Structures are given as structure tokens and as C-alpha cells.
Amino acid sequence: MDETLKLAQEALAAAERANFVANNTWMLVATVLVFIMHLGFATLESGFVQRKNVVNILFKNVMIVTIGILSYYLIGFGLMYPGVEGEYLSFGGFGLNPPAGDAGSINYADGNYTYYTDFIFQGMFAATCCTIVSGAVAERIKLIPFLFFCLFFVSFSYPITGYWKWGLGWLDAKGFYDFAGSTLVHSVGGWGALAGAILLGPRTGKYTSKGIKPIPGHSMPLAAVGVFLLWFGWFGFNGGSVLSADPDAVSFVFVSTSLAAAAGGIGAFIISKIVYKAFDLGMVLNGVLGGLVGITASADGVSIPSAILIGFIAGILIPLSVNFFDRIKIDDPVGATSVHLVCGIWGTIAVALFGNYDEGVGTWSAQLLGIAAIGAFTFTFAFLLFYLIKVIVGIRVDKEEEIQGLDSGEHQAVAYQ
Amino acid sequence: MDETLKLAQEALAAAERANFVANNTWMLVATVLVFIMHLGFATLESGFVQRKNVVNILFKNVMIVTIGILSYYLIGFGLMYPGVEGEYLSFGGFGLNPPAGDAGSINYADGNYTYYTDFIFQGMFAATCCTIVSGAVAERIKLIPFLFFCLFFVSFSYPITGYWKWGLGWLDAKGFYDFAGSTLVHSVGGWGALAGAILLGPRTGKYTSKGIKPIPGHSMPLAAVGVFLLWFGWFGFNGGSVLSADPDAVSFVFVSTSLAAAAGGIGAFIISKIVYKAFDLGMVLNGVLGGLVGITASADGVSIPSAILIGFIAGILIPLSVNFFDRIKIDDPVGATSVHLVCGIWGTIAVALFGNYDEGVGTWSAQLLGIAAIGAFTFTFAFLLFYLIKVIVGIRVDKEEEIQGLDSGEHQAVAYQ
Amino acid sequence: MDETLKLAQEALAAAERANFVANNTWMLVATVLVFIMHLGFATLESGFVQRKNVVNILFKNVMIVTIGILSYYLIGFGLMYPGVEGEYLSFGGFGLNPPAGDAGSINYADGNYTYYTDFIFQGMFAATCCTIVSGAVAERIKLIPFLFFCLFFVSFSYPITGYWKWGLGWLDAKGFYDFAGSTLVHSVGGWGALAGAILLGPRTGKYTSKGIKPIPGHSMPLAAVGVFLLWFGWFGFNGGSVLSADPDAVSFVFVSTSLAAAAGGIGAFIISKIVYKAFDLGMVLNGVLGGLVGITASADGVSIPSAILIGFIAGILIPLSVNFFDRIKIDDPVGATSVHLVCGIWGTIAVALFGNYDEGVGTWSAQLLGIAAIGAFTFTFAFLLFYLIKVIVGIRVDKEEEIQGLDSGEHQAVAYQ
Amino acid sequence: MKKIEAIVRASKFEEVVEALAKDDIHFLTFYEVKGYGHQKGESRSYRGTVYDVGYIARIKLEIIVSEDFVQAAIHAIETAAKTGEKGDGLIYVSALEQTINIRTGNSGSDAINS
Amino acid sequence: MKKIEAIVRASKFEEVVEALAKDDIHFLTFYEVKGYGHQKGESRSYRGTVYDVGYIARIKLEIIVSEDFVQAAIHAIETAAKTGEKGDGLIYVSALEQTINIRTGNSGSDAINS
Amino acid sequence: MKKIEAIVRASKFEEVVEALAKDDIHFLTFYEVKGYGHQKGESRSYRGTVYDVGYIARIKLEIIVSEDFVQAAIHAIETAAKTGEKGDGLIYVSALEQTINIRTGNSGSDAINS
């Protein structure tokens, strides 16, 4: 009977371990899926830029990932998850400081994942915000100044606002809700993109006296590959944000995310046909992304029909927003502001509109406060940072180089031989 | 002692939960893998079409996924899994109706996956059948009529025949066996492809008085990327069709699937060298796909040597079949009919030849009946649907547009700048 | 009370099963990730070769995978894991011989994975060594002779040296340590690459009287896609080499691997800027790969700062090594020798420098012995094999064909239309 | 010897080559060009903006023939390349002072009949 | 009729076309060429080696005009294409014996004013 | 001034450029062309069907030289480009009425010696 007790205890321990292993495995798979989103961005952006700037955009995307992960290791993680609640700013220390023994393992997050899993999953998100910026400032920004921007943006701006909500800072206390980062990741990137696009000004020849002169991307296949890869990665981005492998939650998130993405594509398809009289691949691709960004804030807490509606509206917003930014002469070669900023804001509002969360969570006031606070902070941070760099070393390549292309200018190379 | 009992019960519950989490996680990973097959198809098909039709094929592939998932949500799932056995046709209702509580969760499928997992895994399969069609009708079909075809094909034809077997309809009762869809997915797509290719007729200039004039695809790298991605996704397609993470079954399926794919490549390599005197990349790529399609019906129930043989024969069939369809002047730009229809039928027959299944399952009569019944239904459905669309709005672009390319015609765009 | 005992036993069994399912699922996911590395190599290599040789390199990469998996099934697995310890050479039999019942299942590897999982995971690694070679001998080697080389290299050379360590052969007994294959996979491929590059000689026009004439790759996007996919797959390559889903170990490996890859990119970035005055995309891409290869031997047993240092140094080695091989006129179109051989050796040495392993494991003597023994065996094997093929049928295409390109020569095809 | 240059639609190119062959003109060189002419450029749509690329794509032929083939060649091209729509293109002829076949070294009309 | 050929910088091409249009020359054909001249080729860097591709990329224009437009065309191109830097390129003019418009069949100067 | 045009094999192009350089001819323009001639086109294999693309790929050179360089240039090209196999190509020379250097404005032979 004493035997039996031991056996039962042993069984329970083994069962808890098994749950731990299964949950952690999913979180690691989700990490891998989020990683590949960087390839998604790299291909999407290189597809949407001109042939003469492809090496440059690829170079940036590779560097962003390396810088992003390393700086998140050095500073970002400590800033975003200091382990202090309710603050505006707090720092948990440099590098990784895993709690010893089970405290960093099975007990770190109720048997859902380890300390290292936590870091690497979060670390994969970090670089994303800079990748979003790189698309909007493409084809005219200087390489090194841009990398400097990324270093500071991902080391400070992203983790600080990330702390406010996911690090259980003050915004979380206020009931602000953002499931997987419509605001914390996408809008943040979008605000940075907007700041950069404004300070840089449009590409030479984009807005002429004769009106808008489109500068088409050089490879639609690359762009399409990018969108499929991003959708692919989004299963990890949203599915992993459940922070466990809870079957009900994760499978629900898969469904809401996929249907929203699909609805986004349909929405963009309809509008670009009706309003712009064309079957515009670029629009439909961005519509899918819009749907994904839109559902990201509430993928775990809306009804499926709501998810579809959220995605559909996001898809509709894309062509209108792209057109709007062109009208106000803010030149964004890949449409990052429309996809990540506009749909990110929409998705965060959708939490208040459609979300089924606990009392006081995701309220109108909380959501608007979050959008405003994070928007204000991030835009200011990015704008000042870009501005500083601009006055010190300059951020825009000279006109001759822009016309020749950044590949021959910055890299003495060509993308295709 | 009462304590002990509680503890033991607790342990058992925890253990069952852990099994549930692990199984469901695998099913979700499999879903993600099946999803990326759509990128595989998109790249394969765009690689095999001419430069002037690339935007069009990409556009179609993106739209198919969005339409496929949404329509499967609206109608398909209810038609395919109505929860009624042995029938020819039955409808479980629109949209998603998850059983409440554990009934939709741990008890939904003996702790293997949730209701939502079931839907999204199945939903990813659905669009595939249309993607297969899109390859065969590429470079000459009108966009909107084709999307209409897809809407009806994926909403009705695919789920109805799917119900017959996987939904436990009449064919299942007859002992028809198709593990992961050699017939239910691939042949179904292949029959639709055949119907479309026949009704459309060949591309202008393909079959001249001077004989067959090959119209080479515009990018072999894109095509190769497609095949690798499809193989990659097939691990989820076949591995997920185990409908649990059962280690023995899934790992066996991985081995049989991989070896069949490899053997398919070798088979096509040998034949295209011997018969056609060339190291033909397109053939070898299609040979790998042929091997994958061939093993799909029996990946869980044949010996490994049989799996290799099945794949090898499928690989041999590819060059012969491609050549056959060219001889009878059925023009299929990507070889979809050879890969999915011919090898799908072969794979379904292979069940009877090599399969080790329960008494009365996968018998010759059952397999032939299944092939015939599903073939007859699907071909008729697709043919009539295409025909109806043809007489009402027409399905083929005019010659001038075909020569100019569908990209400038339908999209006023070019794939590469 | 008897009841309770039964219940407790049942619970324990269920819990053990759950652990088994979770572990095996991770190993299968890792297998899928390793598989996609073959696409990574295919795209990387085709990006780095000239337009006129793209079909040829793709063809080789597809054939290598098919040959690799099949030959590993036929012979390789039996040679690499004969189940005999401490030997130099031993053979476990042809094909697959799974132990019956639980012995091949839950008890095969303490409930971590099945026999079939073991085979397929190992099988995915095998082909890699040949893919590495194919890059270095690209643009001038004859197709069939090369495929012959692969057949023997992957059937005998790779599994024999693999047995020495992972098969628990003599090197393992000596305390040699190589976690995931810096030496066993990458250096082995690198030695083969070196042997081939030496015997073939440089591409026509690479080393002229006027000095080195670079022959740039034809598509930087393809090359970049390759590197991202390889990094993606490396999560399975290193993460799967834990041979279980142990949360602590796997998550740690994810972190060390990612940070080393990032540091490798940074290292190559700095050196190529300082020494070669250029923002060289090719170098940064190879730097990332160098970091990955470098950490592969010790990803589970070094501190995170050491992992970063290992990656960083590997990144630094890349430009220097590429330049060194060019100086001694060994022509390697993709830089495979620098990435896989040089960084593979560095990574294996790093085990002795930074590794925290049991007494007598990964000592300087053991590591150097391993590098020397495996290097000597593999280089000799590859050199003799290439040499034999050379004298019998010749290995190099004639100059006219080389200038025309292997695509029109060997395949009567072009990669792009 | 004369040099005949012609700018024609890509969609008509094959017919032109066949027409020339009928008149025993089997040798020619061609390449892709872009042009501005009566026909306005193709209109494209990108990101909700419709625009005109300005130019149109055409194929240019260059044919070296001896005096007595000129009219036949012109006639063949004219009839085969004509659609009557704007954009059909031009033919223009100029005189050559020397023509040498690299392989044979023959010059003049022998340069091309060898 | 005359044929004016000009080799200009890609970055100047649009200005040249506009300048010609100002002088009522709306028809022309152009294509991408590479050239060796005073200006040395672009320098490239690959895998740690800096090298010179030798040539530079340029756009070649071909304009068929009647006698009286020649000087205007040359002037327009010269002024619009000039930067003063090495690499500006060349203009050269040759005589045509015949010019036929494929659509109209008109020849001579009517070939291009129709 | 004369315009020398030559159609040569891609594999011979570099040798031709070097040969011309030896004769002090450093300036030229070139572009890729396709051609029909004695040599039949490359044969291709796709999906089990072998076919002939018809044309062969070649490089066309365009060299503006003054009278007295013509023979040297022709000779250089002829010898460097010759393989003796079908497909070696052609050289043809025509007269120019004007030549202007855009940068210097010089015309005639000065256009290219500046």
C-alpha cells in the first residue's frame, strides 16, 4: 500500500513531466515557425523592390535577424521581462539568468515551457519590428544608419512597450489586451516604418507633377512566396502565443487565424476589383497579411464569425490605406504601414468590439489607451532616433546612387547575373 | 489510502491529458505542414508556366486557398463529416458546431485531437483539389470563371466524395481504403484537371502540324522549390492522416512516404533517360511527386519494400503518362493529370496489391469500385460545371490575350520587372 | 486497494506512453526540419552558380536526396548503427530490421523514439554530406560520374565514420565528442568537397594571369532563401540531436544554435567590411552558415557566451578561408569547404576549448584524434573514389560544354525562359 | 549588299520568319527592342494605380541581303507583319560597303551564300 | 530619310525622350546595350575580390527621321544626354535608302508621319 | 566615319575585344542577339520531347571607327572570332554621315579620340 502510494506519486510525476514535454515541444515548434517569418519578410520585401535594390534589402534582412536576436539576448529580454509588475520601465539584467533547477524548467511556467524556450520564442518576435520598418524605408535609406536604427529600436523601444503589456507593466494592469501583438509587434513596427518613411521622403520620381508614378516590385513570385511563408509562420506566431500546447486554445487560434487570413484576401480582392478595377496580386497578398495582423490581437477570444469579419475588414482596409498613404505622399514600397500599422490598430480595436474576455480586460478605454500610449512612445522614439541619425550622418543615399540602385552603390553587386 | 486513490486518479487524468496534448500538437503541426503545400503548388505551377502567365497563376493559387478554407468552413466540413454513416449524401450543417465541453475536446476523438483541430486539418486538404486543377488549365483559362469552378468544386464535389470514405459513407462500408487520399484528394483533383483540360483544349501552338511544340516552363528553380516544399508538406499530409501521434504508425508512415518519393524520382530518372534520352529535371521532379501520390493511399499498410516499389512504378508512370496525354493532345502545362490522376489511381490499386489490412478492407473489388465511383462522379461534376460556365460566360481567354499573356490581359501586370 | 494499485499502474503506463508520444513527435518534427535543409542547399547552390548551370545543380540536388535516402536504407543505416560497440567497421545487415513489439517501439530508446523514427531521422542527415560536395564541384563536373561518387560516398564513407562516433565505435570509446556533426556530417562533406575540387581543378577562367576573376552567382535571392532555410532546418538538425524532446536540453540547444548563427553573420559582416571593404551579402550568408556549423559539435554543452564566441569566430573564419582557398587556387563556387570543412573543424576543436562534458569526453586529444582520423579516412576515400572515376570515365565536362553551360550540355535545357 | 532592318510585333515574328523563308531568305539576326510610336504603351495597374509604361515591346530584325533580294524581303515582311492596327512597325533599308563572312572569309554576296 | 543612333546613359534616357518630344520627334526605338569607352566599367565586389566588369550599361536609341529633323534631333539628344562626365556616349547618323511603314505601306517621310 | 557591325559567338567575344584592343580600338558597343543562319539552332529537351529552338544566341558588336581603322578592325575580328565551324557569323560595314560625341561635342573622328 505504501508501494501503491509511491507508484501513484511516480505516475503523477511522470504525467506532469509528459505534459511539460508536450507543451514545451509545441513552444519550440512555434519558435521555429516564427523564425521562418524572417524569410517571409525577406522574400516579400525583395519581391516588392526594384531589381537594382534587391541585394541591399536581403542584406538588411539578414543583418536585422542577427542584430535582433543578439541585442534581445543582451538587453531586450531583460527590459521586456524584468519580473517587476505594473511599472513603466524596469530592467531585469543583461543576458540570460535562468533560475536554477526546476525553477527554470518545469516550474518556470507551470510546466508549459523552460526559461530558454521563453527567451528564444520571444527573441524570434523581436527582430520582426525592424523588418517591418526595413520594407517601408527600402530603396533609399543608407545601410549603416539603418542598422544603427535597428539596433536601438529593437534593444529599447520594442522591449519597453512590450513590457507595458506582456511584461505585465502598467498597460496590462489597465486591462489592455493584445493577444499576440497586433499592437505590440505590428503597430510598433508600423510606427517605426511611418517615422522613417516621413523623414526619408518618397523615392525619386514616385510623386511627379503628372501624379503618382508606380514603381512596381521586380518579382511577384518572390512576393507571393513571402506571403505564404508569413502565413505559415503565423501559426507559430499566434499559436505559440497561447504559451502552452493547450489543445482547445491552440486549435481554436489556428482556425480563427486561418479564416481571418482567408477573409483578408477576399476583402482585398473585392475592393481592389471594385474600386481599382484590377485583379491586383500585390493587393490580395497584402490583404492576406492584413487579415493576419488584424486577428493577431484577438485570435484567442473572438467567435469564428467575428474572426472572419475582422480579417475581411482588414483586407478592405489595405487597398484604401495604400491609396491613402500615396495620396499624402508617404512612400512605402512594400505597404508595411498599411499592413502592420493600420491593420494592427484595427485588430487592437477589434478586441474591444468582438472580444470575449474577462471583466475589465480589452475594454474600449483600455484598448484606445494602449494604442495611443504605445503609438505615441514608439513614433516619438523612432522619429527622434531617425532624426538624430539623419543630422549626424544622414540617412538617405544621394540621388545618383538611388537611380543607379543601392546594390551597386552600397554593395558593388547585382542581385541577378 | 483514500488519498492514494485520489492521487492515482489525478495521475491518470494528468497522463490522459498529456497524451491528448501530445497527439493534438502533432495534428496541428501536420496542419501547418499541409498548409505549406499550397506554396509548393504555387511555386511548382508558376515555375512550369510561361513568364507571361506567372502573375495569373500566383493570383489563382492565393485565391484558391482563401476560397477553399472559407467554403470548407461554410459548407464543405458539414458535407464531408455529417456524422451519419453509410449514406451517399448527408449534411451536418453550416459552419462549425463544436460539441460542448470535453465532447469537442479530449473526448472528441479519443483524446487525439479537438474539434477545431479536426476542422483545420481537413480544411487544409480541401483547397488542394482545386490547386491541382489550376495547373492543368493554366495559361488559357479565364480567371473569374475558374474561381467559380473552384468555389463549387471544393464546396460540393470534393466533400461529397470525401464523405463516401472518410466521412464513413457508403464506400467505407464497402471496404474501400484510401489512407491519405490518393483517390479522395489527388485523383479527385486529377479528374477535375482532366475535365478542364479537355473542355479548354490545348494552348495555342502546342500541337502543330509539325508535331508537338513544347512550351517550357519559365523557371526551373521555382519548380524545384515547389517539389521540395510538397515533399516537406507530405510529411504532414500522410503523417497527419494517422489522426494521432501514435509513434509507431507515424514514424512508419514517414519512412514509407520518404522512400516512395525517392523511388519515384529514381524511376522517372531512369525512364526519361532510357526512353527520352535526357536528364529531364521536370520529369524527375514530377517523378518524386508521383511517388508521393502513389504511396498516399497505403502509406500506413504496406511493407517498406512494397512502398519503394509503389513509388518506383509511379515514377515510371510519369514520363509515359505525360507523353500519352501529349499524344492524345490533352494539354496539361504542369503534368497534373499524370501526377495526381494517374499515380492516384495507381496508388489506390496498390492498396489491393500490397496492402496488409483487415479482412474485407482494400480488396480489389472495393478499390476498383472506389476508383470508378469517385472518378465517375467527380469527372461528371467537373465536366458539367466547366461546361455550364463555358456556355454561360466562356472559360477561355481570346487568342490575342493568350499570346500576349494572361498577366497583361487579366491583371495589367508583369511578374518580373 | 487492489483497484487503486491497478489504477496507479495504469496511470504510470499512460504517463510513460505520453512521454513516448511527445518525445517521438519532436524527433519526427526534427526529421521534417532536417529534410527541408536539402531545399536550403538546393537553393543556396543554385543561387551561387551561373545561370547556365542552374538546371544541372538542381538536378543533382534532387537526385542526391533520392539516392541518399534509398542507399541509407539499403546499406548506410546498417553500417552506421550495427549495434556493435568499439569497432572500426561492422555491419548490421541490409534494409530495416525493426525489433519486434515494444523493443522497436517504446523500449527502443527509453521511450524517446521508435526504430523507424531513428532510421528516418538519421537518413535525412545522410544525403547532406553529398550535397555539400555538389556545391564545391559545381559548374564543371559530369553528372553521372558525380552521382556515382555520391552513391558510394553516402553508402560507405559517411556511415563508416559515423559509426566510429555515433554508432558507438572506437572514436566514441576514445572520448571523441561531436554533438550533431560538425565533423561527422559537415567536415565529412567538406573533405569530399576538397578532394573533388582539387581533382577537378578550377573553373575555366577563374584564375587568370591577371589574377582571380570572380564568377558571381546568378541569383542572390535564391542564395538568401537557402541560408534562411538551412538555419530553419538546423533547429531540427541540432535540436533533434538531443534524441529526445527533453525541454531543458532542446530549448538550450535552440538558444545556443541561434545565437551562434547570429554571431557568425556579425563576424563575417565585420571582417568582410574591414578586410575586403564591402558589404558582401555572400560572405554574411556564409558567415551565418559558418556559425551554425561551428556550434553544431557543442550546441548542448557550452555556455551561451561561449556559443556566441564560437559562432563569431566561425563567421570571421569564412572570409579569410574563402580568400585562402582562392589564393591556393582551389575553386569552390559556393564556399562549401570554408563553411563546412573549416568551420566544422573549428567547431570540433571548440568542444575541447569551451565544452562542459564528463571527464574524458571531448578532450583535446580526443577531438584532434577524431578530426584527424575522420579527415584522413574521408579525404582518402573521396580522393581515391573521384580519382578512380576520373581515370575510368572522366569527371570533368569538356571546355566547350563548360563555356556553353552544363544545362544545355547535359540537359539540353535552360533554367529560365 | 543591303541591310534591311524591321521592327515588328512579337506575335507576328514567326510568320515573318516563315514568309522570308518562302522567299529563300533564311539568314537573319533579331533582338528585342522597345519603342515609342503611334501606338501608346501598354497600360499597367499596380497597387491601385493605373499607368502607361509609355513604350511597347517589339522585335527588331536585321537582314543582310544582296540587292536583288531587297524587294522580296520587304514584301514578305510587310505582308506577314501587317495587322492594320497601330503598332505594326517599320522597315528601313541601308547600303553596306563591305560584308564579310567570318568563317569563310568570303565577302560581298558570297558572304551569305556559303 | 536618315537613321540617327545614339548611345546614352540610362539615367538620362527619359530626359532625352522628353527633349525629342519637344522637337516633335515622338517615334523611336531603344534597347539596352553595353559598351567600352573612355569610362571604365563598374567595379564589383564578390567574395572578397573587387573586380571591374569592363563594360558599362547604356541605352541605345534608333530614330528614323526625315532630313530636316536631323539637326534638331541631334541637338536635343546632345543637350539632354550630356553630363560632362566620361561616359556620355555618342550620336551617329546614316542614310537610309528606303523606309516603309508596315501598317500604311507608305514609304519615305510618309512612313513616319501617318 | 564608318560603322562596323559584327555578329560573333559569345565564347569568342572576349578574344575579339582583346584583338581589337591590340589594334588600338578600345571603344565599342555590344548587345545580345539571336540569329538564324547556316548553323541550326540548339536542340532542347522538355518533358520527353526534343525540339530545336531554331535560333542561336550571338553577340553583336557595333564599332564606330574612322576610315583608316576599318581594315585593321575587320581583320582583328575575323581572326579572333573564327572557329571554322558553322555559326561564326558576319561582319558588315556601313558609312556614317555624322558622328558626335555627346560629352565633348566633337564630331567626325574627333568624336572618338577624346
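By written order: A, B, C, D, E and F. Residues from 1 in each chain.
In this section, a residue touches a chain if its C-beta (ideal position, glycine included) is under 8 Å from a C-beta of that chain, and two chains touch if they have at least 3 such contacts.
All of these numbers come straight from a predicted model, not from anything done at the bench.
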Chains touching both chain A and chain D, listed by label: B, E
Geometric centre distance via CA averages, chain F-chain E, whole Å: 18
Chain C and chain F: spacing of chain centres that average the CA atoms, whole Å: 47
Computed distance of Cα centres, chain E from chain B, in Å: 53
Shared interface positions of chain D, touching two or more other chains: 31, 44-46, 50, 94-95
Where chain A touches two or more other chains at once, by residue number: 1, 4, 7-8, 11-12, 14-15, 18-19, 21-22, 25, 29, 216, 219, 225, 278, 280, 411-414
Inter-chain touch pairs (all): A-B, A-C, A-D, A-E, B-C, B-D, B-F, C-E, C-F, D-E, D-F, E-F
Complex interface listing, chain E residues touching chain C: 44-51
Chain A-facing residues of chain C, complex: 1, 4-5, 7-9, 11-12, 14-16, 18-19, 21-23, 25-26, 29, 33, 50-51, 216-221, 224-225, 227-229, 231-232, 235-236, 239, 245-248, 250-252, 254-255, 258-259, 261-263, 265-266, 269, 278-281, 284-285, 288, 304-305, 308
Interfacial residue positions of chain D with respect to chain F in the complex: 1, 3, 17, 26-31, 62, 64, 94-103, 105, 111-112, 114
Residues of chain B touching chain F in the complex: 212-214, 216, 272, 275-278, 280, 282-283, 319, 322-323, 326, 335
Touch list for chain E against partner chain F, complex: 2, 6-8, 31-38, 54-55, 58, 60, 70, 74, 77-78, 81-95
